[in-house]
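First subunit A sits with subunit B, and in the next complex the same chain sits with subunit C.
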Partner chain A sequence: MKRWLNKKQNETKPNKADWEKTLEKSNDFTRSNYINQKSNVHFCLTFIATLVDEQIIQQGVLPYLLEGELKTLEDIKKTVPSADVEISNDQTVIDKKILNGYIMLTIDSEPEHFAFIATQKEIVRSLSPPEIEFSVIGPKEAFVESLGQNLNLIRKRLPVKELIIEEYTLGSLSQTKVAVLYMEGITNEDNINTVKQRISEVEFDAITDSSYIVQLISDNSNSPFPQLLDTERPDRIAGILAEGKIAIVVDGSPHVLIAPTTLIEFFSSFEDYFLNWILASFFRLIRGCAVLFSLLVTPIYVAVLSYHYELIPKDLLGTLVTSRRQIPLPPILEALFLELTIELLREAGARLPTKVGQTIGIVGGIVIGTASVEAGLTSNVLLIIVALAALASFTTPVYKMGNTIRLLRFPFLIFAELWGLLGIVFAFCIMLTHLIRLTSLGRPFLEPFYPPRATDLKDAFIRLPFNKQTLRPLFLRTKNRTRYNKKKATEKKDIDE
Partner chain B sequence: MPNLPIEDRFKISPFLVFYMITSMQIGIGVLGYQRLIAQYANEDAWISVLIAGSLIHIIVWMMYKIMETVDGDLVTAHIYVAGNFIGKLLSTFFVFYFFTYSLTILRSYLEVIQVWMFPTMSIFWFTLAYLLLCIYIIYGGFRTVVGIAFFGIVLPAYLFLIFGFNLKFANFEHLLPILDNSFKDILLGSYHMSLTFIGFEIVLFFYPFIKNPQKSKKWAHLAILTTTLLYTGLMMLTLSFFSEEQLRKSIWATLTMWKIVQMPFVERFEYIGIATWSLVILPNFCISLWVASRLLKRIFNLQQKKGVFLISITNLIVINFIDTREQVGLINDYTGKAGFIFTFLYIPLLLVMVLIVKKVKKK
Partner chain C sequence: MKKLFFIPIFLMLFTTGCVPKSIIDDINIEAASAFDELEDDTFIGTVLIQEYLPDQSTENKTFTATANLRRDLLLNIQRQSSEPLHLGGLMVTIFGDKLADRGIIDFVDNYQRDPSIGARNFLATSSGSALQILKGEYGPRGNSDYLNNLIEHNMRYRDLPETNLHIFIRDYYTKGKDPYLPELRQINNKEVEISGLSLFKKDREVHVLPTEKMFFFKLLADRHSNGSFKVDLGIDKEAEIKSIASKRKIKLSKKYPSQVVIHIKIKGVIPEYTGDKITPQIVKEVEKALEKEVNKECLSLVKQFQEQGIDPIGFGFYHRKQIRGYDFKKWEEDYKRLTFKIKTDVNIVETGVVE
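Up next is the complex of A and B:
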């Protein structure tokens, strides 16, 4: 019986293989036969028309195959001027190769062997300036959707052999290529291993963007805080690689991931490093205040007007009370109404095409705002506060963190309504605990504040000048902490010397 | 239970001991210790504070001596001195001690909230919320607890700048004449500082969690020095800000001092102060819960996860039964006394015992 089965299998072999049966259902599956003009060898090309570049086939492959010396498959390596020619007898790789844009070449005389010639069609969007992380000063290149192009952008900024690029293929259906980048001799081994392990453990069918990876490999996926930073700036990636961090590039995504990160990095824009340190520090402080303002100001308004009238001096209270005199709603409803309006505007603006989006902004912001004050639904003081808070939340340089901050306002509002100022502090304590517990690749997320590390504070709230930053960040536990030798840098000894 | 060594990644740097001690010491006592001390020592009350603080340095030295000798926490010391069974029995008292401590702190703070902010604040719901937060913190491990202690000191530190407003109205002649009171009265004042000063004894319980415990010594002493100077300074300011009569009537002198703050956009600053104070209370409450549950683990081998729940639920039930001002005062007194007995009587005694046992064992 067994023997009979085996025999049967042997007989079916000349018939179509599984991959062929499935692929034949697609219309772009192409198979064409040719005859070599010199040796009269019959050969057959199999490929998927939508994946290959016809120009390469017509100019770089076919003429050589038709007119060159072609007797065996080995001859292809000599005749076809392409670096990526492979001859194999492994049936299992056929579908993968064909689906990656190779053409398969078979000769009747050698049915067991197949040659693969690379003819992929690369559709690359041309480089464009960064849109989300725009900076007035500094390079204007941004990543695109092609892995090769992105790696090129990084490599040319760090042309040293220490830059290591390791590739993985993730996603059972999407077969997405993911590259892990780090600097050998600088980046901490534990961090590299953690990233590699987490990436190789990813189980998912289709990974279409780097944000999938973020969610699949973060330490705590139930946190509103993003734990991996994503950027579209190649210069930022070069900068963080030199610091000793790890970059993860995902094919098909214009956003490259950075790990490990700390909370403060989400509030520092890369432009800070292009500016003079005094200005950069000033802008960072402004941004820090903006975040606190955006988070706390509406809850404080609700807390004060619901519970703590006494907190406000008489004169200021007069202004507040006058503006609220005809409002029928309690402060919490008033605040929620306005906050939700702003969220609606933002969401509508984000979903609509740019030009319509702007109009919506104007209509929503001005018309709804003014109308609701005139209709007596909201006080104009609160309108100012909410608008300012929304504005402040947009100063966050990282888009994902801005979203988090806007979301966090709502629990704060609810606690403010419950217990007034006490509730705000309570909500703050919850947030603080959550942040203390958070880690990014096992490194504390709140560093350098907790655990307190004075040396890393040089690049936190303020950014000290480069000549004060001779060491790499402590929390990365880099193998080589010195960025440059300070002694070599010339120093003035005295006035006029 | 085998004395398992703590893994390195759960340990804390020696300097964080500073924040642990200060955040545990500064708590509910600071809001109103002045009246109590001034009752005995009058204008010399600040000397009482100074004396109490200096004595604590000796106790801290003793604590470190005990822990170095037995190389472990208080439970190890007890077992070292009295054997496994009696040692663990002795340690059980400290579960109650820290349970009461946490209860005292939270209930006194609730008293402040009820008197100053929300007269109808529900004890049950607030305690429940606070306990849930603490469980969340403790589940994050010891490092999270220390983190809360750190922020519990650093973030509310701005409150001490506020006393600058009181300087304008301070009359430092109130402090004169110096040393007009009998030494006994001054010492009585020192004795009543117990509740405000206790908290430093927690080192006895988290000692195995310190990296390089030798190095943490100086930080422990620095912490005591800081709180002593802080309390002394605040005491002097209070004495010179209030008249004797006024102070006698101010149960929460510190809060009353905040009342005079006036800024263009804020009046009645004590509301902000009290709200911020919940961040100061949090480490107090949280660390005592942590210590109590840690002790349960060390003594009864109970998982700390379950221990925290057990203590929290007991806390939640018992706190409802303390509902009058007198009872709050009473439990404050008892905790103060227990703290005094623990730190000033029990620790020296334990040190002597440990040293004797060490000599016997050597022979």
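Up next is the complex of A and C:
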């Protein structure tokens, strides 16, 4: 079956016996013959039982076929109450149609033509609240695994004709449907063309999730930083589409991709837009500090304790020396030991079912933590620092970015051990150089800091109120930069004036 | 390009051994040190180390050694220490009486060159043995902390003018200004106090200002931010002035370069008064009395410095700064002929809540 689906073989004209031979090996391949009661025409239905909805066949197709006027294939369109009926004489589409859940209808009198009736079985999970990007305020809908339902969630939030949805099929085996969404008249043509080109050039056998697309089409696949943002919130997608970005929906994935993105977007939660701008800015700043803290605090601990004891304030010196007095390990091994323990706990917690995961968390946090301090393997000061750093890394609203931050801590640690604070600065320079070079769909990843764009700073570290955000982000080079006309908005008088 | 990128990384990896490591629990951090001179041109030095005990308390540990050369001192002390001694944690350095008379710049110079020593270190002199001060026991937080805090709060809130390593070196190298340092005295093994202010000529101690004069010295040399002073108003009447904030300005004119006018502005609050109700008149009286006393004391101080040939307030520096083309070579002579005028302006802003 796999070989049969291969594109190259498709090009050479497949004979009917060939696809039948392969399909017949599967037990769910069904073919049955019927006779129409009015015209005594013999017809045959071919389908794959696991893909079709039997209820539709029994109630919506078969009764009409058996009792209605049926002489030629054209009559089906009159008799069967289904919108998706197609008559074709192209043999090459047969397998695709059947494997997509259509039933094929053939009549002895017309051996060259086939009719396809849509009877797909849709197994859809019901909508659930977002789990990774949960927000206290705001909509509680999240994307599911069905492309149609996801598009529906987006469409109903942007019911305008300008929202364009283009569909592609990717993956030689998985035949995954991928939809590219953008707003006509707003989104930059170059960006749209780049996405379309990259998506159409994807060569892979099985694309089972949107993360595959991220890795296949991102600008620099060797970077630890994700260059496309994925979200499970339809409201966020509606928001970024209106800003002039592009969304990529992949069938079978509850995560929708956003392109192009900037680094700062990975640290802004969509809940920021539901809160008052002062609160939102405060939370964003906290998150920014948490990221820096998480990245740098353990390396700084190692650097200061190994090289720069004179930086320690005199009141802290006693605490640090006392806590390290019994520890046989140098600071770097101590720190690596604890960091790896925390990573182990996270990994174990992520792989286990929720209830066991909680137990592991308690075992890890309390038992291993206190026991290792009491056994004199790690100092309690470092335990606090590492735990806080781990906690801080989880404040990043995008899970993938949190992983990146936790990974980056290790090279920083090694540089701190080798060269002290100088090493940390050096590692930071390398990271910064990499970030400056990084692009997302050819747009600078570090914008609005580099290249500096003052207007885009309105929605970066802080989020200014909506009445200050009259323009769309500059780096997207949108066709129409104004979100709304401020003059018009202020002209309207209050109801009590 | 990619190859170029790896060069610094490889350099970093291969030069890691070049950075000396000093892991905090594997070194002894000097917290305070004291130096003095023995009879026959040898130096004696004591280094104080804080041993941090597991129950969060500290233990004072001292090492003492003698040497002919300053730089041998640390080497000799290293021989007694179980772990390498590092200077970075230094907070207070005390110079003995004899050494201060002979000159301390060699020791200070060493500090100035070591990047691990902070510029806000305190230097002090001692009346009596400097080494004995470090060997006392002044409370659970450790001797170095005690001495450090003692000097710090007296500088911030009391009559001690601000000095530290940075200010000492600045004054030493400034033409036309002499440094000054607090003087410590050990009362007994458990008590230590600030006994005065050592005034230097270059790096040699010339005079020790008694504590009563320090209030006026601070008015002249530095500024008060939270001082206090008691004013006598004759029999049975005393007013205490608190929260004193002062500023001083030194003015020279090209016309009369030999006259220095010092403006002192004092602001304060009267929280205590032993007489009856404070009327505006009494406030005026207090202001007047304080003005008079400040004028008198400051003038006598300045004249005393002039006689001794030291210049801790920096009149020479002001001459250089404020008179264009001033020939500093003449300063030694000019200083002797200088006349002073002190103008004080006291302002009592508040006399308490109850009227």
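Just so we're on the same page, the second predicted complex is superposed on the first by the 474 of 497 C-alpha atoms of A that agree within 3 Å, B and C clash if a C-alpha of one lies under 4 Å from a C-alpha of the other, contacts with A are read in each partner's own complex, and residues count from 1 in each chain.
Operating definition for what follows: a contact is a pair of C-beta atoms (placed from the backbone, for glycine too) under 8 Å apart; a residue touches a chain by one contact, two chains touch by 3 or more.
Predicted model, so just to flag it, every value in this text is computed and none were measured.
By the touch criterion defined above, A:Val321 reaches subunit C but does not reach subunit B.
Shared-chain residue A:Ile436: touches subunit B; no touch with subunit C.
Of the two partner chains, neither subunit B nor subunit C is touched by A:Ala371.
Once chain A of one complex is fitted onto chain A of the other, the partner contacts of A:Trp419 extend to both subunit B and subunit C. In the superposition on chain A, A:Glu310 contacts both subunit B and subunit C. Once chain A of one complex is fitted onto chain A of the other, the partner contacts of A:Pro451 are limited to subunit B, with no touch recorded for subunit C. Contacts of A:Leu391 after superposition on the shared chain: neither subunit B nor subunit C is touched. In the superposition on chain A, contact of A:Pro331 is made with subunit C only, not with subunit B. When the two complexes are laid over each other on chain A, subunit A has residues 307, 310, 312, 419-420, 426, 430 in contact with both subunit B and subunit C. By the touch rule above, subunit A contacts subunit C in their complex via residues 305-307, 309-310, 312, 314, 317-322, 324-327, 330-331, 415, 418-420, 423, 426, 430. Residues of subunit B that touch subunit A in their complex: 12-13, 16, 113, 117-118, 121, 126, 129, 133, 136-137, 140, 143-144, 147-148, 150-151, 262-268, 271-272, 274-276, 278-279, 282. By the touch rule above, subunit C contacts subunit A in their complex via residues 8-9, 12-13, 16, 19, 21-25, 27, 29, 50, 52-54, 56, 58, 86, 88-89, 91, 116-118, 144-145, 148. Residues 307-308, 310-313, 316, 419-422, 424-426, 428-430, 432-434, 436-437, 446, 450-452 of subunit A are the ones that touch subunit B when the two sit in their complex.
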